[in-house]
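Heads up, the next two complexes both have chain A, just with different partners, chain B and then chain C.
Right, the complex of A and B next:
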């Protein structure tokens, strides 16, 4: 009962000229205060749409959104007006976006963009906001923040830009941060630095984090619990360790085994065969059956339900994998 | 870096201007054996000997008695001293004086048209884009189809016919004494405004629609950018996002088209000026053309192209103030 965020049966659809795209098909999520959960899946599985839906940032039209329940910090998000949402966004929940070059305004210096957070949500004056921004930049490890304050996004390196976005997201010390592929656009070495900063700030501030990614190494580094999404549905939900050591869903297993290992005997990448189905033409039955090696006639007919495996785990599969160990 | 860009841009402009001057000098001379014949066409009742004497005098008077290259150097020297030449009109007025007399009257029309177009166009365009699919958005789209399809003079003729002659709201035909009687009194100014109303109205509509449409398209493409989602995720209100994040970015292409139309400000419009009998640069050029007044035509060309180059230079430099990415000349750290 002490969840920070509780989402029940969230659905998002986009009516298009070629048909209705069901981007998110009834997912349940819960996040506890200070916890880091990960939503994992291939591109196009509805991860980013989910995060925008939680912030109520989907532009409608074209998007249509429904949820049975969506509470955040005891407030019912579904009944909040746009005006109330404005006060919530940035202050109680904020976002970190994937590509910091496009996520920052190219004609405004980064310091001013950071100032906006303080000016909008606190009673600071311009001078105070500037001081606070410089402090926030120093906190995320931007060197010479007084100088960088006046830089434009294109003058900073990718890692520095991502730090600016992180500083922005943590500026007002929100209760929840949604990070949408926060390190995908970065080099691996920079990725590690940025993740460390993210983790440090998250722990120091006790912020809850929803990490949206397709990168399982990032998940292993950061998350407490993992939701695996496929074609707009959650297929598996488990604590981090259980998921990595004992994946129950063939898709999860596929994702895990497609991570290259230095010690692997074969020098070929293991890959999940075929592509993600088009969101306009999803398969019958279990959405994954077209790519699954364990597929039976039952799978092609009937969509499995998300059922509890134990107290902490949920699974959507007719033929769960037994205690094999991986990784 | 920034300074180098400015200097490079200025040198480039000077170089282009030099090429324009050179072309402007040589093109009228292509295929002309004796310029004196152009300047002073043979009259029917003249004997050949008389005409030869007249041609010789003409050559000496206008400097055709030396080689073409010497004439070219002389022309450059003359321009360097700010002299655009002497018109062939009666009384041999200086070209620069003739131009200076017309420029303000041209600006009355063109500058007010542009001002109206920019202010209303940008407001309407931004609003149309922000309420995409709304009535104003549809109106802008239909209006732009109509104004693109119709030739510019069509509206002008329509306005002249109805608002001018039929309903007599405004003078359909400009008072011929407007320029000579102008003395900065309130009456004179209001007289000018009344006479300018129809030509301004006729051209401003196209201008408003043009700016509205390009603003609309620009705002729509910027509104889809990721940093707009970032701004929304900060909890900024719709209006703050529009004014602080969308418009500044959306204005960049508008500034470019504004700069291009600034260069057209003093050129005047031959057609519009003819329809409303307005004495601007367009009419001056038309008259120069009809009377074979070559020095005047060349002078106007030099003046207009010089102004256009200057306007483009200023636009480019302003652009680098608006968009920090331009200042570095493409170099990244």
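Right, the complex of A and C next:
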């Protein structure tokens, strides 16, 4: 097996006062070294919880987690102690969070926070760590990194803060990085810059990347393979080009057509009707049937299985779309 | 072919004659003083809005585009009278907004409402939906309890929420639903002018379309005028008739949306356009990614505001501030070299 990360049947539930929230319901994921996969879905579909579960960052209670298998780089994550995980996080797998302002410590200058990475995981001295931090800041395109080193998070703009987080994630050259909505809080112009840096560093270092986002235009720009999630389940899994040119699941197609276009012109925006169902009251049968235009009685009764379409594609739908080309 | 006529016709002069103007600004400036480092040091200002003149016609959707910190929201606040201008005037329905008596001002304010960017912080978490939506009517007065309740129910239905939602709290709703509550609140007094301050930026891409469609339906039904603020040109493209691109408090390019999209002459507009990512894999995008970020609005760059990031900036751009000049029937641009670097 040459997979870097292999997750089989991951489940996460949150018992609450009002009932059990099944945030993730049996997900299989695999990531090969150096590739970029994307997990796409709307808010509340469980994509962030999945990433936290892989990092084992979910505190239990309240979360209860189960997986048949979870291996990273040959190591069984399920059996690792918290102490072993601390050595692993940041060094072999690290994370880029969505909101850089809350992810950074507000009372510590950003340079010192970067130093911590080197001091914790390597045998560098303080001076060496400082030099390494400045170099890392330069790599992500922070201008005048010697000066920015002493800045506090609030003194930096949103794009700069996100760069600091990226520098931090890539500092020890990990094998896997999970980027949880890395550009959602940014302007379109800054988003383009940040994505370019992320892609450049990923390719140069041969890092595997799990990109978590709700925006398919970001996915089109970055990913090799895409998992589409809905209500805690994977509904479609396909290589990027197949998914974009020939989406088989109605939900995927809905997501694709709801991205605003610069080229196509219309007076009305294509929308997926209705809202994501509450995780406490998931519909019977296929979770998407309440919003699906191809819904039949079969869909309201039984949940379709995730079946192989071909060697590289999997789909969870009774009535796959066929032959329709997007764009 | 780009033809540029340098006649210095300024938008508001063209439009003064037309009477279907709803709101317009004349050389509007909003400056915020910065605390001086020394007691007798030079007074410095953040020039959030600097010499902006725009005209919004009745019933249209006017797009305002630019990065964070370019003064979009400050301009919107000044239009609503929430921010006193340092200089210049705002005319709403022909009356100078800042010269009105308090009573008249309140009257005028009723006709202008706002939808906020973040539906998570713009709704009081301890108020239920009924109280949130009825507050404007309560303040205005003149409604009986039954009338108010009926009106709230009507509004809920209008924005696509249920009767059962009446006594639920904001925390029980998703982002898109909360934005619907915000919209219901904004339209409760039948305003003529609605400011939509990045109404979809905080929402999932899949919900964007729902909210935008709702806003467009409401506009048709209630005959409202929108000022639509966004940082994403792809969002404003289909809904705005006229467009204004701002950078560091100044107008860079303004005019008819179609004309700007077909023929973006300002380098900044083109960079905004190329920053929009496409989902079409086969579409070859001419990428023009700007270097660096928007500079600090304190001591903004001399000359053209955009010169520090413009790939085509020359000596003239660093010295002289370009004036807004006409370069098409309904197309104005503030650049010394309109259309520079464009492919034929």
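Brief remarks follow.
Just so we're on the same page, the second predicted complex is superposed on the first by the 326 of 327 C-alpha atoms of A that agree within 3 Å, B and C clash if a C-alpha of one lies under 4 Å from a C-alpha of the other, contacts with A are read in each partner's own complex, and residues count from 1 in each chain.
Here, a residue touches a chain if its C-beta (ideal position, glycine included) is under 8 Å from a C-beta of that chain, and two chains touch if they have at least 3 such contacts.
These numbers come from a predicted model, not from an experiment.
For the composite obtained by superposing both complexes on chain A, the positions of chain B and chain C are free of clash and fit together. Once chain A of one complex is fitted onto chain A of the other, the partner contacts of A:276 are limited to chain C, with no touch recorded for chain B. In the superposed pair of complexes, A:190 makes contact with chain C only, with no contact to chain B. More residues of chain A lie in touch with C than with the remaining chain of the pair chain B and chain C.
Taking the C-alpha centre of chain A as the apex, the lines running to the C-alpha centres of chain B and chain C meet at 70 degrees, rounded to a multiple of 10. With both structures placed on the common chain, the touch criterion links A:91 to chain B but leaves chain C unconnected. By the touch criterion stated above, A:42 is placed in contact with chain C alone, chain B being left untouched. In the superposed pair of complexes, A:122 makes contact with neither chain B nor chain C. Contact with neither chain B nor chain C is seen for A:8 once the two complexes are overlaid on the shared chain. Of the two partner chains placed by superposition, A:205 touches none, neither chain B nor chain C. With chain A fitted onto itself, chain B and chain C come no nearer than 6 Å, counting C-alpha atoms only. Judged by the document's definition of touching, chain A residues 157 lie at the interface with chain B and also at the interface with chain C.
Interface of chain A with chain C (complex): residues 42-44, 143, 157-160, 187-193, 195-196, 214-218, 220-221, 240-241, 244-245, 254-256, 258-263, 265-273, 275-276, 326-327. Per the touch definition, chain A reaches chain B in the complex via residues 52, 55, 57, 85-91, 94-95, 97, 99, 102-109, 116-117, 120-121, 152, 154-155, 157, 165, 168. Looking at the complex, you find that chain C touches chain A at residues 67-68, 174-177, 204-210, 212-213, 216, 231-235, 237-238, 261, 271-283, 287, 289-290, 292-294. Every residue of chain B that touches chain A in the complex is listed here, in rising order: 225-227, 229-237, 244-245, 248-249, 252, 322-325, 328, 332-333.
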